[in-house]
Amino acid sequence: MNEFMRKLLFLPEEGSAYAAEVDRLHFFVITVTMISATMVALATLYFFVKYKRKSETQATPRVEPKAIHEILFIGVPLGFFLLWFAIGFPLFVKLQNPPKDAMDVYVQAKKWMWKFSYPGGPNGTDVLRVPAGRPVRLLITSRDVIHSFFVPDLRLKQDAVPGRYAQTWFTASRPGRHQVLCAEYCGIGHSAMLAEVVAMDPVSFDAWLAEARRSSVPSAQDWPGEGADPRATLPEQGRRLAAEYGCFKCHTVDGTRHIGPTWLDLYRKSEKLEDGSTVIADEAYLTESIMDPAARIVAGYQNNMPTFQGRIPAPEIAAIVEFIKTLRTDAVHPEPSKGPVYVPVTGYDPTRASR
Amino acid sequence: MSPSLATTPPAPPAEPVYNPRNYLNAEAGIASWLLTRDHKRIGIMYFVGTTMAFALGGLFAMLIRIELLTPGPTIMSAMSYNRMFTLHGVVMIFIFMIPAIPGIFGNFLLPIMVGARDVAFPKLNLLSFYLWAAGAIIALYGMIHGGADTGWTFYTPYSTTTVTKVVPILLGAFVIGFSSILTGLNFIVTTHTLRAPGISWMKMPLFVWSIYATSVIQILATPVLGITLLLVAFEHAFGWGVFDPALGGDPILFQHMFWFYSHPAVYIMVLPAMAVISEVIQAAARKNIFGYRAVAFSSLGIAFVGFFTWGHHMFTSGQSTLDAGVFGVLSMFVGIFTAIKVFNWTATLYKGAVRFTTPFAYFLGFMFFLVFGGMTGIALATVSLDVHWQDTYFVVAHFHFIMVGGVIMAWLAAIHYWWPKMFGRLYSEGWGLVSAVLIILGFNATFIPQFLLGNSGMPRRYYSYPERFWPLNVASTAGASLLAFGFAIIAIYLAISLKWGKVAGPNPWGSRGYEWGTLSPPPPENFLEQPVFDRPPHDYSEELPGMEVTHAT
Amino acid sequence: MVQSRNSVGEEHAGLARYWIVWVALLVGTVATFLMSRVHLPSPFHLLTALFIACTKSMLVVLFFMHLWDHGGANRLVFVTSLAFVALFIGLIVLDNGTRFELTNPARGATLKQEPPGPDLIMPEGVPVPWQGHGNPLAPDPQEKPAGQAR
Amino acid sequence: MQPEAYVAHHFPNLRQQEHAARLGMWLFLATEILLFSGLFTGYSVYRFLYSEGFEQASRLLNTTLGTVNTLVLITSSLTVAMAHHFSHQGRGKTAAVLLFVTLLFAAAFLVIKGFEWTSDFHEGLLPGRFFTSTEVSATGGPMFFTLYFLMTGLHGIHVIVGMVVLCVLMIQCWIGKYDHGYATPVELGGMYWHLVDLVWIFLYPLLYLI
């Protein structure tokens, strides 16, 4: 029955015991809602059919309500409403008060990504690995604007507010994957701010955590000296390189016009050039524009960009182009888990966090 | 024609008569309209203005729906899409819906219904219209110069850091707020001091009660919105951050202040709709309301309790658990007042004499949508359910059920019900029913899929979405086009009826509301002679052969 | 008509009443000033000052603004507005007083466990929101490898 | 000119019109109270969160000037009330003089406030990120001054609006517009001014004393 209702109402799977409890209340409330709306509509129709106007001047009796009518009108719905509250609020209180033995994970939202950090490491983006069957407490904050951590499968949502922490918790009932969406509007990347909760069986989670902590330590030593994190994906490296070479002084990645064209949705975009012709901004054009910017200028922009010929090695240019290719507002990741990209825990100046 | 409802009026003329000297033609020229202090003309100016705003907001809505036809980009960029839904919200809420029914029908009818010649402060009334126009123009300026991408809720810190033109939009809403305050002030004072002899509080038409309750909310809530929007504008423009987390500010405080206005604002929009429905149902059923006191006082109850529930918009924001509980349980009580009204309206039909007309069709739609929308509102206030639904399409569908299914239906019912009174002519009843059916079907097709989208977890304000949400979005867009088609038909046949419609006569519905006791269109002084109000409004308990002037059929 | 009390009543009030109220207001002002110099335990400080302010404002409202002589509707308007202000402030402060302890950074609470990684912000060091220029995705300068820093 | 001449066409009599005007004014004042309540809410919340910072910051303000300003504003309220009294009795010239005195007090208030703001400016006691003073060690100093400037600023705007209103009324009193027993505009203008006083009565202890 519950399964039927869940399918009927298009609810996603129930990833936790809490989700199942919430759904039961959901079915109760929605069933009553549908029945009462239908009943009111039917009553209206019935009265309409029964009491059709017979003549233009027809008089009608004055019907005054008795006290019992109004008491019923108030009492019956109020009874239902308060019952729902009485069932629903304790569930909410439960959600707000994590069990003491919950494992902590820090969640930091940022335009437009989710960062998950485990005390003692590791620390990654966009994939939250948790052990199934064990409670996990999330301490959520934001770096810029308000975001909201939303996992439909777990019936879980908590806003990430900058400057303060919020908490929520869940226990995934079995291994599986659950999509995370940002539910509080946060700008052009709002709908692409997706992540994933991966519930693993506890044994493999423990093994994974130990492995991730072990491997993050040695690489931390060689990372700051190198130009790039060897474990970072190509686009990640590209982003870092673009920052180093100062690309962001003139190019934005959020769609706003600056000194140069924005990089958002630039790849494969059809750009109008100064001479009136158009060009598709593919890899070749992007590479050319880095090496010899003056060659083909997009209409409406000045020729301000210096040439980077000989200043950026070819693999790095490739990385930057790869980065530009990822900057898409329509980026919907049907399968966002390509393996988390972990940055080492150590190697940072902890004082820089405070303003 | 005597305006009295009871004292033996002359036999109705065989053919309906168009009142030759009415408020529309008493004075001529543009200036006589722009400088008018006649509440009826101001009502008509609101009609024209807010309807244009509605068309604009509807255009934005259609563009949003078209964009959402495919999971990826369809016709616009993410930035344009964000502007679209912001402007759709701002235009529909601040420029159209808050002033619409009070501005048009409150202005036009409230003084007539209390037997007054005008509102208490006619100049203030005109000023209020111009403030609305100024606010709309400022907001329009902002839209043309880039628009805002914050959503109509202007949540900080996004709204204070965005590069878009959020300040003109904020100021526009601020100025419109003043207009709303002055309108409310005028209505309250009019109701208190200008009721004609014979109209005691308990004999006031229910329309007046509801508008009165609306005005109370406007007076008490709108100033808080004003100061909140000013603070955001200040923070955006000068960096004086009251809400800026970098300076120790609390973004959640903004949400508290914003919803302290914006939750009651829902009732600013819905109460006038209920006002309309209370009148339409009594006329359609030829029966006095079942439980006058219950309906009248529930309006005040909504106005009062509606203020204690704002925190239910913030269950997932980091608000304290205790506050969530307080707001949650209080929200349950506000639902009760709506339930009282719904049951009393339904019971009004009992032993009535119902005729199916276009306003009645909208009444039927309204009843279903209000019950379903209202009950889903209660479901949303059930704290733990809201955690899943907060900021998803479920919320979007819920408030569109209230706003479109409730307010727009009532607005259409009001237009169709009072059109003959306002312009003295009848529209085509057949086309009226066709478009009503189109709109009700289109509405269901648009918003029921959105409930399901919300259930399946699609957050609102999404430019692109995972493909599993695709089919329901297509259904929603299809419904929206049906809806748009229905509105277009209405615009056409109403425009035609203005010139070529059949003459309505003073009372085409055979209604015994006070406003039908005067001529159509009403003379500038509302009643040719001071009417005698010796019966309650909508008293159909005995036949009054002289009064039954029904030409609608 | 609702207006049952005669508004002409204030005619008889006379100037003497204004002067008395004025003296009372002066006394109240001096009293708050002096009270602020006396050392009182924490909440009482605020409470006395607010009590005196409320008394003073009541005097102004009742006598200077003639609410004493006015009809019911005017009183209702004024009292309602005050009630809603109290409600507004009360429920919001209640929220702040009962929040999850880490939500409000400055109330003495800190994270028990320092969050790992570069990007998590300590509660006492609040993050700087993106100011609408620069780049949201660009790594912070500190995040750059040491050799490349500006 | 009889008082009845002031009745607008849609009112049955003068008493009802006065009643309407007064009720309208009270409603307007209610909106003003709620307008300020937004700032008072901000103050309450941040005072609750940063009580120590607020106390330290409040000590940096000049209490003497604040107290003098309170006395000035209270006295101006008295003169306005008296002006209403005399105009009601038909003594327009006396009322005009009293309104003039009120305007002087109001100007004095603004001048004192101006001095205060100037010295705050020099000491770096400025709102938000412009706050440069080092004398507040606890968190909350910038927030206090943001609220201080917003509250006194909004109040100052109300003082200026009130002065314009009183100035118009003064001229009307002087030319004898209210010599016939109809003085509702003076009463309403006075009520507005009392509200300005009322707000200050709360601002004074909250900002300067505690």
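Letters A, B, C and D mark the chains as written, and numbering starts fresh at 1 in each.
Assume a contact is a pair of C-beta atoms (placed from the backbone, for glycine too) under 8 Å apart; a residue touches a chain by one contact, two chains touch by 3 or more.
For clarity, every value in this text was computed on a predicted model and none was experimentally measured.
The interface holding more C-beta pairs in contact, when A-C is weighed against B-C, is A-C.
Note on chain placement: the centre of chain A and the centre of chain C lie 36 Å apart, centres being C-alpha means.
Averaged C-alpha coordinates put the centre of chain B at 33 Å from the centre of chain C.
Rounded to whole angstrom units, the spacing between the C-alpha centres of chain C and chain D is 17. Per-chain Cα centroids separate chain A from chain D by 48 Å.
Within chain B, the positions touching two or more other chains are listed as 157, 161-163, 192-193, 220, 224, 244-250, 252-253, 256-257, 318, 321. For chain C, the set of residues touching two or more other chains reads 1, 3, 73, 80-81, 84, 88, 92, 96-97, 100, 103-106, 124, 126-130.
Each of the following residues of chain D touches two or more other chains: 16, 19, 23, 27, 30, 34, 37, 41, 45, 49-50, 139-140.
The full set of touching chain pairs reads A-B, A-C, B-C, B-D, C-D. Looking at the complex, you find that chain B touches chain A at residues 71-73, 77-79, 82, 149-151, 155, 157-158, 161-163, 245-246, 248-252, 285-288, 290-291, 294, 315-318, 321, 324-325, 328-329, 332-333, 335-336, 339-340, 342-344, 346-347, 349-356, 360, 364, 367-368, 371-372, 375-376, 378-379, 381-385, 387-388, 390-392, 452-453, 455-457, 459-467, 472, 510, 539-545, 548, 550. Listing the residues of chain C that touch chain A in their complex gives 100, 102-105, 111, 113-130, 134-140, 142-148.
The touching residues of chain A, when paired with chain C in their complex, are 96, 104, 106, 108, 110-111, 115, 117-121, 123, 139, 141-145, 161-167, 223-227, 239-240, 242-244, 248, 252-254, 343, 345, 348-350, 352-355.
Touching chain B in their complex are the following residues of chain C: 1-3, 73, 80-81, 84, 87-88, 91-92, 94-100, 103-106, 126-133. By the touch criterion given at the top, residues 15-16, 18-19, 22-23, 26-27, 29-30, 33-34, 37, 40-41, 44-45, 48-51, 53, 63, 67, 70-71, 74-75, 77-78, 80-82, 85, 88-89, 139-140, 187, 190-191, 194-195, 197-198, 201-202, 204-206, 208-210 of chain D touch chain C in their complex.
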